[in-house]
Amino acid sequence: MHRAKPSGFRISKRVLPYLLSLPALLVCIGILIPFLTSVVYSFQRYRLSQPWARQFNWGDNYISFFTDPKFWNTLEISLLYAGITVGLELLLGLGIAMLLQKRSSLNNFISIMLLMPLMTAPALAALMWKLMTNPGFGVLSYLASLIGLQDFRWASSPSTALLTVVLVDIWVYTPFIMILLLAGLRSLPTQPFEAAALDGVPRSFVFFRITLPMLTPYILTATLFRLLDSIQQFDIIYAMTQGGPGDTLTVFQVEAYLNFFQSTNVGRSAALMIILWAITYFLSNIFIKNWLRLRERARGQA
Amino acid sequence: MASVELKNIVKRYKSQTVLDDLSLTVADGETLVLFGPSGAGKTVLLRLVAGVIDPDEGRILIGGEDMTDVDAEFRGVGMAFQNFALFPHMSAFENIATPLEAKRSSHGAIKGGVDSVAKLLKIGHVLSHKPRALSNGQKQRTALARALVGSPPVLLLDDPLRNVDAKLRFEMRLELPRLLADRGATVIYVTQDYKEAMALGDRIAVMSQGVIRQLGTPEQIYREPANIEIARLFGDPTINLLDVKPQRDARGIYVGLSNVQVHLAGAPEAAIGRDCVIGLRPETLHFVAESEPGAIPVTVEAETPLNEKIVTLVRTVRGREILVSRPSGTPGQSGGKAHLAVNAKSALLFDHASGERIGSKNIVSLRNGEAA
Amino acid sequence: MEHTSLLERVLRGIALTLVVVFFMFPIVWIFMMSFQTNEMILRIPPQLVFEPTLANYTALITGKLQTAAGTLDIAFMRNLWNSIFLSVTSVAVALLLGVPAAYAFARHKFRGSEDIAFTLLSFRFAPALLVLLPLTLYFQKLGLANTYFGLIWVYQLICLPLILWIVRGYFEDIPADIEYAYRIAGHSWFATFRKIALPLAGPGIAAAGLLAFIFAWNNFVFALVLASADKQPVTVGALAFITSSGIQYGQISAAIVLSITPTLALALYAQRYLVEGLSLGAVKG
Amino acid sequence: MHEKEKDLLDAFLRGQVDRRGLIKGLGAMGLAASTAGVLLNLGQTRALAADFDWQAHKGKTIKLLLNKHPYADAMIADLDNFKQLTGMNVTYDVFPEDVYFDKVTAALSASSPEYDAFMTGAYMTWTYGPAGWITDLNEWIKDPAKTNPKYAWDDFLPGVRNSCAWNGKPGGALGSEDAKQWCIPWGFEQNNITYNKAMFDKAGVKLPGNMDELVAAAAKLTKDVGGGVYGIGVRGSRSWATIHPGFLSAYANFDQKDLNVSADGKLSAAMATAESKAFHKQWVQMIQESGPKDWSTYTWYQVGTDLGAGASAMIFDADILGYFMNGGSNKMAGQLAFSAFKANPAAKAPTPNIWIWSLSMSNFSKDKDATWYFMQWASGLDHCLFGATKMDFVNPVRQAVWKDEMFREKLNKSYPGYVDMFDASAPGASIKFTAQPLFFDLTTEWAATLQKMVAKEVPVDEGLDKLAESINGQLKEAGLG
């Protein structure tokens, strides 16, 4: 019996995974250096316009946040924005994915078409929405007036600004969740569903006890990425309202952007960003833990 | 040339020890069946031999060569998976051809090899189908064909009949021994079905909780099970197990069954006065006349014909249930009072506390278990 | 789903129509605006009827834009090309680096694998703004400023984590036994990766690649800060129509249409992979 | 070039033919006016060369960072003349205005030597100067060896020129003795009224002469013009840009200031006075009654677009915004008129705050002398004349251009009232802000406060008190208060 001998150059089983993941890591590791530099900045009194006054003030940038109502407003609005957009987009994305679940060329076509908002750069999308919600030229304002919303002020009124921006966010990003969940739904094994259908199990039960649990890893992935983006939202909000009216929409990135590019207050901007980073780190940690646990469990059942 | 030796294998997953200091030798050309409940570590053991997972401790030798650190593709084994593990994006032909492709065989050789093994397994007509278009039986045969086609010196079959229907399983159980014998390969065969184990194995290794509990020929395992657990696993209907406390009188060692003293010739001295469990295989019990010495009075509760045999449920005077089986067509008792004779030689005595068979010569030492 | 009632089908149809209207109306409107002059767009109230003009597209493609303040030179086609080049290369590099890494994380649990995977992900939540200033400084020193190489490197921050984590999930969904079977059949890990893992995770890779492509396409902060005008993507290019003499909505609409087109074409081409999901039903039982 | 054209040019240069005659003559030879302009500049270029060694930096290349703007377009159209004059090469990066200043900040904060000179606003130099990113240009302006004797620095409008000079001390007066010239003004905007004549006539509204009249006129226009047209367009986004145009111009007319500077140079908020509160109330009321419905999202673009498309009856904003809207394919092109505006009845003259597009020299430029050659050419009279008459390089910052007949004629022909408006308000035109590094923080917060007032989230008095308090806190924190 001929048997191939291990010969020549072979990669040890133990080294292989490192070898596979290292290039990706190395490429990204470069970013650690600027990141750490920014951490240093965040501990400095550092305004570009006052270079002579640059010095370490250690935690002062952070400590001042605690007494700064603007900061708490920023924190609150950022979390609120992320919560609302991700929540709604998830529900909507799941709903649409389920509407399109059945494989048909029409459904496939629709699902690709629905990706178009995602393909529109958010900054430009916001510009277009701003036009469409203009009280004079805006087609949406016009349509709103036809159904009796004469004075609906969209992004310009503090009471509806959040709603409007959320609407644009939903328009742009729901397709992201939809496409991931659609792929997830369509890759679920068919057996449990056929069995449930044969047994006459109620649809709601099938949804909550079979579909949802099996879809959870996909939901977590989609939600995680959406959450990371949403809590860092800038393009849409800045293009639509620049953080206004008043301080209605001064989310983290808008504040940090204004601090950096307009006030050139690098220290404060960096401190804001580090806090944002810490929040996203914390949130994604929860997600990843759950994701891994679910994966593990799923594999245990297999 | 292709014996398989496992030396002191330890495999852990997280804190759980799946294989605990396991040693085992499978001789060249031998078919060894790994038998045991799920979670016993059979599949893990198979994968260790295949080389797709690594042991935490211990060595694996194939054909006398240390293969512990050798990658799967160089070990010269063929394997069929319980879930078939067919490549869903390839046709049955392409699936079967993969081992030949790995050897860089010529197109003709591949075609010839696949066709002959497909013919042998009667799947020649579905070779162009993708796995999803195959029935379970066809998938199983395709998987088997893939394992066989390269004529590997070592064949690892992981419960290949588990996911096929009863009829096919029955057929294959008859076909497989010949197929394997023809190949001359060393086979390690995993199953949870004792009949399969008995039918296929030159030897059977009974595993539970990561340890080989007993290793022996099918005959040995059946006649001299190492403990209650193994005795219960083999045989259908299951062995009758009754609590007894052996005593000695002038005639020898006896146990009390249904208020009758039944003497067990050749029973080990060590059993005397201990809390024991007596194991009586249903087929070793016979209905006899009341006058027979040692006949146990019972009440017949129910009788069930089971293919080639008839199983009778009887109840002792003390209310304990016993199963009796006899070949179909032989006279029996279908109701009312009856008497049973016990074949003293085949009666098994187990220690009540440990479950070990008393006087077992054949127990594999749990730690350094090279079988005699 | 064969036994769905008529009522349900009607409700589903209505729901789907609403969804399509909500998501497609702005797109259709933008499409229509791209064939109108600014004057037609800026009417009160907005009107559906208009005389289509190709002026916007002509302006974009020829690079000559007529405005109230005279003729402007625009580099839109150059921007479009930059976007295509940057996005395609970045995604290609990210796939090359990310897919093997995703495979390693999915198949070879090794010491620290979760930590490395999480670290890679965490780059995704470093807001671009946070690293912008130091990044520009270091790029300056390294001579990477204003190079496509440098940009593609930075774009990995957008593409790599996304690809890594989505593809990883798909790899993990492939039963390990299938790959074991191939190994045992005598094939190397690399052959197994290439012939088994890659084809089976293909839909996932396509989906992740397309999403990464879209995100790379829509980004402009990095190029804006790190590169000169000749390397700017289409997003920056479209902003050029916000001129001091007014926002050229017609041209921006045309720019959006033109900038969506390549991505849409890609998505339609890869449609089968994107929406089919994993076709492992047979294997997974 | 043909001989005839050359002769004509030379005649012009010898003083035998005046400008008008020259253009006419060239026109007769079948040259388009703008081409003639370029040729004219070429001729003058040759004249310039006689007195000054323009070729000193021959062969060098400089790179510019430009905003997508008519000023940049005008310069690019004339750039070949500079190249010929000096033998230098000029490359440039043009970025959209939306992201332009981000690009500038990014390039400068990274000490990038890529760009030698760039376009900027005067406000921005209050950051760039102290940060050490730009150079005090006095060194070159005042050096006869480096500056063409015909450069005529005194020709620049004094208010504009001074607005680009600051001593770098927070609160330091613009154009003071010790001021550094951070940038050269290029083109500038006064904030005045541009109005739609037809709509004014239709509603029977006269040009407002003060704030009360403005509020009333806007209200009447909103009521009477119809068709959804609103009375007055002003900016309202959450940005410094909301404060600096009409709002600050009117505010300053009431002698109100953004900040007080104490004798020892400390800054404090000055907007919580009674006069300020009264003015804010009027302003807020005006927006609530007659402003655009979505005022709080209004930037330069929306204000202009509405006027050009006939959605608003007037704007109180940059005069050149009105200028742009009066041309091109805008629906209202040719129907707009201009007027200076004096908000305070007690004031003698309008006091428009100004925005100045200017040229700054990067401190990281590798060849500042060569860069200066470009800057003095680009801000020189000849290019200014070319831009102002042939392109949209308005408002010019040189008095000589404003005296130029052709330029005045061009404006009078198509931009009714523009020249009068300019003459009326130019003397009082300057930057009304206090120069200090927190400019953007304070104005952004000011705009946010205005938004809250307009949305009735906070009463005007209380809002201003809070704003002043917050600003004082920030000034202290930054070591300025």
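Here the chain labels run A, B, C and D in written order, and each chain numbers its own residues starting at 1.
Keep this in mind: a contact is a pair of C-beta atoms (placed from the backbone, for glycine too) under 8 Å apart; a residue touches a chain by one contact, two chains touch by 3 or more.
Quantities reported herein were computed from a predicted structural model and do not represent experimental measurements.
*Asks:* Return the chain whose centre of C-alpha atoms lies at maximal distance from the corresponding centre of chain B.
*Replies:* D
*Asks:* Using the touch rule from the top, point out the two chains with the most contacting C-beta pairs.
*Replies:* Summing C-beta contacts for every pairing gives the maximum at A-C.
*Asks:* Report the inter-centroid distance (CA atoms only) between chain A and chain D in whole Å.
*Replies:* Spacing between the chain centres: roughly 40 Å.
*Asks:* Which whole number of Å gives the spacing of the CA centres of chain B and chain C?
*Replies:* Distance between chain centres: 56 Å.
*Asks:* Hey, how far is the Cα centre of chain A from the one of chain C, in Å?
*Replies:* Chain centroid spacing, chain A to chain C, equals 15 Å.
*Asks:* Could you say which residues in chain C touch two or more other chains, in rising order?
*Replies:* As it turns out, chain C has residues touching two or more other chains at 42-45, 132-133, 137, 175, 186, 189, 220, 239, 242, 247, 279-281, 285.
*Asks:* So which stretches of chain B touch two or more other chains?
*Replies:* Counting only residues that touch two or more other chains, chain B contributes 71, 73, 75, 103.
*Asks:* Residues of chain A that contact two or more other chains, please.
*Replies:* Expected reply: 4, 136-137, 260.
*Asks:* Give the list of chain B residues in touch with chain C in this complex.
*Replies:* Spelled out, the residues of chain B in touch with chain C are 47, 50-52, 71-73, 75, 77-79, 81, 83, 85-89, 98-99, 101-103, 130-132, 146, 150.
*Asks:* For chain C, which residues are in contact with chain D within the complex?
*Replies:* Interface residues on the chain C side: 37-39, 42-45, 66-70, 72-73, 132-133, 136-137, 139-140, 145-146, 220, 224-225, 228-230, 232, 236, 239-247.
*Asks:* Where on chain C is chain B touching in the complex?
*Replies:* Those residues of chain C that touch chain B are 175-178, 180-189, 191, 196, 199-200, 279-283, 285.
*Asks:* So in the complex, the part of chain D that touches chain C is made up of which residues?
*Replies:* 68-70, 73, 76, 92-99, 102-103, 106-107, 109-112, 114, 227-228, 300-301, 304-305, 308-311, 324-325, 327-331, 333, 391-392
*Asks:* Show me the residue ranges of chain A that touch chain D in the complex, using the header's touch definition.
*Replies:* 47-51, 53, 64, 130, 133-137, 151, 153-158, 240-247, 258, 260-265
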